[in-house]
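You will see chain A twice below: alongside chain B first, and alongside chain C after that.
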Partner chain A sequence: MTGAPKVGVREAVAVTIIFIIAKLFLSYQVHLFHFAANAAWMVPLIQTVLTIGAFLVLAWLLERHPGKTIVEIGEELVGPVINTFFGIILAVIFVGLVGLILRQFAERALTGFIPDTPISAVVLLFMTGVVPVAYLGFEVIARTARVFIVFLVLSGLTVVVLSSPLWEGHALYPLWGNGPVGLIKGSLVASGVFMEIFLLAVIAPFLPRGSLRRVGFWSIGLSGLFLFLGVISVLLVFSFPASAELAVPFFEVTRTISIGRFGQRLETLFLPMWVLISLIKMSVGLYLVSALMARTLRLPYYRPLILPMAVLVIAVAFIPANVSEAINWDLNVLRRYGYVIVGAIVVTLAGLTWWRERKGDEAHAPRT
Partner chain B sequence: MFWWQSLADFLLFKEPQEPPTEFVAGAEDRQQQRQERTEKQDQKAGRDEVQPDEVRPAAQKAARDAETRETVFEMEASLSNDLDQNKKVLENVFRTDINDDPIIRVFTIGTDNPVRAMLVFYDGLSNKTIQNFAILQPLMLLSGLREDDPKRKNQTDQKTNKKQAEKSPKGNSEYFDRVKDALLPGNQVQTVTTYKEVAAAVLSGDSVLLVDGSDRALSIETKAWPNRGVQRPEVESVVRGPQEAFTEQIRINIALVRKIIRKASLITEFIKVGDMTETQCAIMYLDDVVNPAIVSEVKRRLKSIKADYVQESGLLENFIEDKHYGMAPQVLATERPDRVAANIMEGQVAIFVNGNPYVMIVPMTFFGLIQSSEDAYVRWPFGSLLRLVRWFGLGLALFLPALYIAVTTYHQEFIPTDLLLAMTGAREKVPFPTIIEVLLMEVSFELIREAGIRMPGVVGTTLGIIGALILGQAAVAANIVSPILIVIVAVTAIGGFTVPAYGLGLSVRMQRFIYILLAAVMGLFGIVVGIFLHVAFLVNLRSFGVPYMAPVAPTTGSSPDYFLRGPVWRQERRPDYLDPLRGRRQPRISRGWWRMRRKGGGGS
Partner chain C sequence: MRRGPEKRALLVVTVLLLAGVLTGCWSYGEPDEIAWVQAIGLDKGEQNRITVTFVVAVPKAIAGGGGGQPAQGGEGGAGTFQPISFEAETLLGARELLNSVMDRRVNLSHTRWIVFGRELAEEGISRYLAPLIRFREFRHSTTVIVAQGRAAELLEKGQPVLEDSASKYYDLMARGWRYTEFIPFTPFHLFYSKAKSPGYGGGIAALAALEKKEPVFPNASAKPKGVYYAGHLPRKGGGKIELIGAAVFKKGRMVGVLNGSEVGAMKMLSGTFRQTVVDVADPRSPQDFVIVEIHPRQPPQIDVSLRDDGTAEISAGVSLEGDVISIQSGVEYDNPENIHLAESLIERDLKRKMEKTVTKSQEMEVDIFGFGDHVKKKFATWPAWMEYNWPERFPDAVIRVRVDFKIRRIGLVHESFPVRG
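Right after this comes the complex of A and B.
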């Protein structure tokens, strides 16, 4: 790493929120409508609670090892060999995640705004924006996110408010959708949507001392709120089951907005929101995988890894034959099993820390 | 030589047989100048014509003189006790044989024991009245009016003085001190000891007095450079507020700020910058407010500059800015003393450059560059409105042509049908694609703007007529551009003029073309990628260690005065990003009368 970046609480919250909620602008809602039907709006709220629980474990682990990232903690607890294995698994999961997100955003940009452009040109332009910013470091990414978050939140809320004339209250019923059991089961299976909170395990040393929990709670809470708004606005406008047939639900909501005769087809107005959120998301992702790999391989700088990782991300983006396959890989494979693996690594390290502490306490305990 | 021969030589990499004509002519000119100069020297020496045999000794003498000068300056040689020796060296230093500006006036100080002295100054740089009435008259005519030192009564003549000087290692020290303390009524008198200091003082417009028998000299303040007076600001004019602007005189500029901030803790430190000709610079700050780390960083950067000639604040800006390849200005150059004073009060440092009517303020943030003095001088809602208008203008200047290209080329569905039909109708006869049309007009406008600045004032109106005709009427009539584009270019230009900082305005002009190209390549998508990179580069920037996008990124504490202008009674804190020694500008309740009235009202 080049020096130690310093990231304030607000910047960290901004960047984590954007990293988590960017999927709202892709096909995330469709996934929820499929297993929760009319009760899909409850899923983000349940997932928020579940994620707070998972985050408490992560925070406990990180606070026991101040100034260290998850990779360095792993090295201390399980040794370099197993930790390298852990690090590579984590990097592979996140390279896959960023690559699939890149593919989905590029496809959406293509179909929505620039239909005659080759997808390789769109991907290249995306990466032209992403690579320099990831190269500049996490401090720059977080501050850039801080600058844009006000604009992004205002744009998103504008979409929600402007779509309100089309809301139909009956779309919320039946209230429990496919039933409470199915709802909770679905929420558990799809909890991978909050997998990006793992970012905090890498950036924890850059945060102000003692602010990790504050950053985590604010990020998860606000992300849950925005995801909830993103799901409920789609549900209220299109209702179930029509909402489950949409390719990019939030984009379709923007297309329905009309303000008199003059304000039609306003989706272009919200294009900056789409592009900016995806650029920030991918910059964070590219930085995250480069930093993970650099720390795993015990390299002093992450910067030489940015370009190779960018090439890997682009390669992953082109593996799925089409966008539907990319969505399937993202939501049904990588997130469903990926978050289990990430969670297992965190829980293992937390368990080892707890066991060590207990052992240490016993060793230091006065003998009677 | 014919042109085809030159071409053939060039293609065959042949060396030219004879030097190009221009070089020969140049050489002749230089030869003639040299000859004239030699003749002038000879005439001064009383010779009518130069003998060939004498050329070699003259060249040797010139080489010796040059060597002496180098020794005097590089070794910083000390002054001699002998007035004649000093005169000889100074004549050599100032090249009095060929240079008519330096004056060396030898005279006798009219004390009971007359002593020879010498006044050295540059004609035109110094004040004759001060020299005549505050230096020469007291020394030559009035010096006998005071009772002499009893010790000196015993000294009979100048020779005695000289003998004593030879005995004493300090020379005629007591006499020199007496001249300094009792005979010179000048307001600023400084002792100098080397030839280099003498030369620097004389070149600054001071007069230097050398006394026979002393190895010290007195530099007397007699500066009288020609300069213009304090006038109205030309670039940063305001409707309400002070109407004074800086001039080219550093002392006047410092006084203009000191007139506003009357505090003993307002410090001015002079720093000379440049090797060949030292430019007088000064930094100004409030000792009890500014962060000392910023001051030492400013001083460190200024003192480290190695350059022949840094005569302008713009050149100095190039030397001291943090990032050289970015387009954003990292210092604020202002011609308004009130703005400098306000920034110094915030905890920033002002850098003055002599001979320049612009004062630089560091560290500077992006939000500081959008502000104008007038925002604070009107009531806060109107100040905020002015600032909003400026932000809007900045946005138009940067993005409007690019947005026009993006929407008309890639996102036509965004344009309402009626407007789309009108635009299509207007563009129907234009043969060029939108990007060519926009570039044509933007480049034309840039040409007119540049020509407008360089053109002599008397023909300025002609340019206006030509510009209006070309841009406004003829281009549309000739179907080169559509009328709607004229509106776009005009509104963009007006938006650009609302940017208060000239440096930022230039950067906006340049970046506009980048956005135009991005829009042409990828539409709105390309523009947004450009904005993302632009903002990332801005947040990565620092001005003297202070983040350029503070207080937004990173988020730091600040009074409500960066995006919009808040009420003056809420401007309680100085910006956190400057880390000033005094964070609080005014107490939480700054309007004492309000509290008193409420108390009084409650009691009645």
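Right after this comes the complex of A and C.
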């Protein structure tokens, strides 16, 4: 690495939130409606609690190895061979994730705004913005996120508030949707939506000492709140089951707002929001996979890997034959099983740390 | 600030790449190269499955000829729009045909009305709704209307009188739901979500028609103002289009109509009512009317209980308030001691209208009020609610209406004296 970046708590929270919630601007909500019907708004709240639980394990692991990323911790605990395997698995999952997100953003740009533009041009233009930002490093990304999150949150809340005249409170009933079982199943199966919290496992050494838990709790809590607002506003406007039909529900909410003759066509507000959040998300994603690979391969710099990783991400983006396939791979395959794999690696490392500590304690315990 | 050679090279490459973007992209579209469709009409086809009518704006006629020339709208805004009809298999297929007629590229994103001809509406419109929700150019705020006759004729002859822009005309006509009880609130997104919702089992579209040339009533007996449907207003002059009443849909098929008063009752019970003027015959002087302007006081209170056999008992409470704007008889209803008499008079009249509308809706087997959305609160889960099958049970539901009306203001007259001169 080229000198350790320094990132403040607010910058870290901003970048993590954006990394997690950018999916609100894609088909994330539809996924939840299928599991929980009209109780889909509860899913982000349940997932927030579950993610805080998972984050506590990650935080415990990272705090036991101060100044190290998950890759270096793995190397210390399981050795270079297994750790290289772990590192490659993690990189593959996140390259897949970033590639599929890139494809979805590009497809949605075509569907909603620029139908005559070739998708290759959209993807390349996207990456033209993303690559230099990722190249400039995590500090730059985090500061950019810190500056723009104010605009993003205000714009998002404006859309939610302006849609309120269209809300129908009865859309929340029957209260338990597909029932508690469906709700819990949906929350567990779709928990991969918070998979991006893994970013903290790579940027932990850049954070101020002792601030990891603060960053994690604020990021997860606020992301959960924004995801909740993104789901409930769609549900209240379109009701179930019509809400489950929409491909980009939050975009449709902005298109439906109609306040007087001139308070319409608010996708002009949505568009900058959408482009900014997707560019920041992609930049973080590209940085994450490059940093992961660099550390796995014990390379001193991540920058030479940015272009190769960008090529891999673009290649993955073009694998699905169509947008439905891209959404299916993202939500039903990669996130559903990917977070189990990521979780298993973290739990394995945490378990080994705990076992070592216990062994160490026993070794140093006074004999009786 | 000094930049390293690496950063400088990156900056130059990025700027060069982005400079290429400035020359324009594939999807650019100049507003003056686009044919903006203002309204779409769909009828049963004569030479193909459907007849699709597009109303295309003529911007130069709206904006004026330049050089200080006035807009060519002139009388009735004629010339500011061009209606074009196609026989086609599908709506979007007709849009493609329109591109072969227009010099400008057709765009539907400013469409204000989608009008279904009555014959097609009665046959079923579900298959025409699905593409609209999916197609990027179609907006969910577009108003859904059913034409009493053919939509093509309505759109061809329905020229604006006060506006140069057909778009503004359509927009303002539809926005009448805010200040008259006779026009329902029917944006596409609401029509679509209610058509899909088991809490309704149907949808409502505004009813429109061209004015009738011949007299619509044979005699001069008193008729309450709300008994009319679009196309049956006894009038002369004004714009060609009448927008009053509603078309009721069940499973995507039009099954009946509501007149102006019934639309008002439906809006009061469903919570979309904003304001209206009610004139009630004065019991103390039957030739005279007490006229009040009424507003909602609070959203309707719907209480539901389920009997053992599953029958729903619904108590619908409507709270309204209003201002007396005329007492033709001169009876002192504005006196604090008599105000309650006027209040009960209005309450009885409104209750009767609402009960009549509820009965009609049960006969049509369509819950136009959305009572089902309150009934579903009695169920814990969605599968249980689906199993209850509200659309089947609605006709047997026991529905009681309560109206609570309060007079708040009495206009600009403190007390009235009889005419003696």
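As a working rule, the second predicted complex is superposed on the first by the 368 of 368 C-alpha atoms of A that agree within 3 Å, B and C clash if a C-alpha of one lies under 4 Å from a C-alpha of the other, contacts with A are read in each partner's own complex, and residues count from 1 in each chain.
The definition used in the following text is that contacts are C-beta pairs under 8 Å (C-beta built on N, C-alpha and C of every residue); 3 or more make two chains touch, one makes a residue touch a chain.
Since we're looking at a predicted model, the values are computed, not measured.
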First, second, both or neither for A:Phe126, with chain B first and chain C second: first
Partner chain(s) touched by A:Phe148 [first = chain B, second = chain C, both, neither]: first
Partner chain in contact with A:Val140 - chain B first, chain C second, else both or neither: first
Partner chain(s) touched by A:Gly8 [first = chain B, second = chain C, both, neither]: first
Chain B versus chain C as contact partner of A:Leu175, first or second or both or neither: second
Contacts of A:Pro272 with chain B and chain C, given as first, second, both or neither: first
Contacts of A:Gln264 with chain B and chain C, given as first, second, both or neither: both
Doubly contacted residues of chain A, that is, touched by chain B and again by chain C: 113-114, 117, 121, 125, 128, 132, 136, 261, 264
Chain A-facing residues of chain B, complex: 407, 410-411, 413-414, 416, 522-526, 528-529, 531-533, 535-537, 539-540, 547, 549, 552-555
Contact footprint of chain B on chain A as seen in their complex: 6, 8, 10-11, 109, 113-114, 117, 121-122, 125-126, 128-129, 132-133, 136, 140-141, 143-144, 146-148, 261-266, 268-269, 271-272, 275-276, 279-280
For the chain A and chain C complex, residues of the former touching the latter: 37-39, 111-118, 121, 125, 128, 132, 135-136, 166, 168, 170, 173-179, 237-243, 245-246, 252, 255-258, 261, 264
Residues of chain C defined as touching chain A within the complex: 7, 10, 14, 17-18, 21, 25-27, 133, 136, 139-141, 168, 171-172, 175, 187, 189, 192-193, 196-197, 199, 370, 373-374, 376-377, 379-385
